[in-house]
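For reference, the structure discussed in these notes is given below.
First chain written, first letter: the chains are A, B, C and D, and each begins at residue 1.
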Amino acid sequence: MNKEEKRKIIAKRVAQELEDGDVVNLGIGIPTKVADYIPAGIDITLHSENGFVGLGTAPEPGEEDENLINAGGEPVTINPGGAFMNSADSFVLVRGGHLDVTVLGTLQVDEQGNIANWMIPGKFVPGMGGAMDLIVGAKKVIVATEHTIKGEKPKILKECTLPLSGKGEVDLIVTEMAVIDVSDRGLILREYNPEFEIEYIKEMTEADLKVSTELAEMV
Amino acid sequence: MSKVVSLTEIMAEIESGQTVMIGGFLAVGTPESFITGMLEKEVTNLKIIANETSYPDQGIGRLVAARQVDKVTVSHIGTNPETGKQFNSGKLEVELVPQGTLVERIRAAGAGLGGILTSVGIGTRVAEGKEVLEIEGEKYLLELPLEAEIALLKAWKADKKGNLVYRKAARNFNPIMATAASRVLVEVDELVEVGDIDPDQVHTPGNFVDKVYVRGESNE
Amino acid sequence: MNKEEKRKIIAKRVAQELEDGDVVNLGIGIPTKVADYIPAGIDITLHSENGFVGLGTAPEPGEEDENLINAGGEPVTINPGGAFMNSADSFVLVRGGHLDVTVLGTLQVDEQGNIANWMIPGKFVPGMGGAMDLIVGAKKVIVATEHTIKGEKPKILKECTLPLSGKGEVDLIVTEMAVIDVSDRGLILREYNPEFEIEYIKEMTEADLKVSTELAEMV
Amino acid sequence: MSKVVSLTEIMAEIESGQTVMIGGFLAVGTPESFITGMLEKEVTNLKIIANETSYPDQGIGRLVAARQVDKVTVSHIGTNPETGKQFNSGKLEVELVPQGTLVERIRAAGAGLGGILTSVGIGTRVAEGKEVLEIEGEKYLLELPLEAEIALLKAWKADKKGNLVYRKAARNFNPIMATAASRVLVEVDELVEVGDIDPDQVHTPGNFVDKVYVRGESNE
């Protein structure tokens, strides 16, 4: 399974978590791709933290608007019925309980629902951007990430070793191998990708992974 | 997916005992059809958060005059003698809050803030019972968020997604209250199609709005 | 001197305190009348705390707009170049150092610059409206008031006896008798109305009134 | 009484060592003519408050690349490798602030608040050295206002009184920064007559604005 296939599986599965009427913020990377797989017949409003709701698809080449980018700096469009706002109001939306779902990538996530995705001390310090606000503010925090680093090193840990972006805020982890609930009892394997053995998935997960009594295959 | 409903559907959400924010400033920007509906439904024991209690025959004042209100959290009651009378006889609880602090407390709830620090009210009765923080030699009151179960708002135009545009001084508390209540119900003068409002000129994005009633529509 | 004459003298004198470019909030009563006497050739922007700048004159009868009132509930107009805002932004303007002058009436004012204008316990409790915010927020607080209550009882006291609206915030007191600076050294009589003897003005002022070395007549 | 001036007059206000807010999000909504002017004037030791440091060849990033900046207070530096390099070598101070907290701290300064309480950052490095308040069992960071000597903004339209209208996602931090600096200097695409902008559709009232430069006007 190559990187592109993994990303597609993850984005597609995350999209199924969205419900009609949800206001959703999609982070950079895999999360952005979720927009391509939103099930037909449900109405999702995408929020772009640089200041609007109603984020649409990429513009046709040559149709880019210099005043209209997403939070990753890419040219985008706004759907009919969308609305622009200033950055303060944009984060009123995020922090004030008005955002149903945020989907974020990560460097590490752990069994307490902690997430670390903004810096590797001494190496890589991009900053948190709006991620910390999104993690605290969204009603549901979905981590969309490859299961491991380069197919080897677990990203889903007993305890994050990198500086945290948020503490105990993650609700769901979706990878190319598994759909994992973060619960009071720890991590629960809710669905697995039948291309992988359950034992292998556990091996590639540093955190303790309890198997749900209602375990199903990822669709 | 249209948010447009009848007045009956709006009224079905309003119950006695609720905490209700009502937009408007001396009845300008107040949803009068909703007030009339509440008078007819005879909901009682309301806790109202608003700028003031208007006049006895207008806006929020009508609910006070009809004795449907247990408590008001407002900046002013001087224009409604009925409020003062009920307050003096102990029938109505009145929490007076400086106007700027009032709207900022509502905004804090809508913005997910735990509170704000302001020097307004320092050295006055407003400070009584409140935590005072000193920052760089300056004293500030810690003022806490104000939220509600229902916000009853008035806008000029809406589209079917609930995007709102307010008119002139009727804007006032409405856009802020739209962020601070669990349910946001709006009376509008005019309904337009989705896409008719320039996204640069939306005052309240539709995702903050639950239901829209078009004033004067038959009550189906 | 009847009530109307007193009010006119006060409003006219306050208007002379305004400077070109000032953003000014005028309270209800005498302060509202200040707008009628703004000197020609200076550009003053009036703020109305219910949510706009550019407050204009009263509309012609029949021309009232149901959506356009001032903070006292009277029909008004907005000047070209004015702007509406929500109440939160209106008080950002007030508290954030963006308001040059506020002119307020009062029940009492004292030599420490304290002002009491929102309640008489047990008798009259209208509430503070936006007054407390204006008093703290404005760069300059001008109290525009008749000198006494019913020509007898001083309003300018050693110490306010009513609940305060603001502490140590008043900069200037303008009455039909006098223009009084509130300074670190107490109240300074800067100008007097020659229709009144200085001794009489002092008598009608409970607070100690120091006479400025540059005392002038009110114009 | 017009606030419209030349670029030279704008540049006369900007000096080395100042704390400067600059509008924009990844250079969209950033006054590029002002940035060019600052490069030419070679002002140095700037302390910049902005959303991020853009790209090395755009917006704020150009000032960083030219080593004119001592400190940045931003939410992100990942798009400008030059910022990271100068930070790692100790040549540039970087204060990283969560984006929502950053804009709310700027708003707090503009709104005359002494601070705000937010749960964003609790349990992370952002909380280090900050006061934590507990309200009804919930922990909040006390975040303090951020103000500046100068705000350099970009709007779409202005009238001669300085009323501003922003365009699409170029609005971002601009209207908030307009409230939080001693001097507010704005670059616009288009100038219109006073009265041409509907008072219901002004994004920043002119009284917050000191000077307006119309992009592309000859530099007289």
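Everything that follows uses one rule, which is that a contact is a pair of C-beta atoms (placed from the backbone, for glycine too) under 8 Å apart; a residue touches a chain by one contact, two chains touch by 3 or more.
These numbers were taken from a predicted model, which means no experiment stands behind them.
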Which other chains touch chain A while also touching chain C? B, D
Comparing centres built from CA atoms, which chain ends up most distant from chain A? C
Count the touching C-beta pairs: is A-B or A-D ahead? A-D
Roughly how far is chain A from chain B, centre to centre by C-alpha average, rounded to an integer in Å? 35
Could you put a whole-Å number on the gap between the CA centroids of chain B and chain D? 32
Whole-Å gap between the CA centroids of chain B and chain C: 29
Among all residues of chain B, which ones touch two or more of the remaining chains? 104, 107, 111-113, 118-119, 166-168, 171, 199-200
Which residues of chain A are in contact with two or more other chains? 52, 78, 84-85, 91, 94-95, 136-137
Pairs of chains, among all present, that meet the touch criterion: A-B, A-D, B-C, B-D, C-D
For chain D, which residues count as touching chain C in their complex? 1, 107, 109-113, 159, 161, 163, 179-180, 194-195, 197, 199-200, 202, 205-208
Spell out the residues on chain B that touch chain C in their complex, using ranges where they run on. 25-26, 28-29, 51-52, 74-79, 84, 87, 94, 96, 98-101, 103-104, 106-107, 118-126, 156, 166-176, 203
List of chain B residues in touch with chain D within their complex: 104, 108, 111-119, 133, 135, 138, 140, 142, 144, 165-168, 171, 199-201
Contact residues on chain A for chain B in the complex? 21, 23, 43, 45, 47, 52-54, 78, 80-85, 91-98, 136-137
Within the complex, chain B is touched by chain C residues 48-52, 65-69, 71, 73, 78, 84-88, 90-91, 94-95, 114, 125-133, 136-137, 163-168
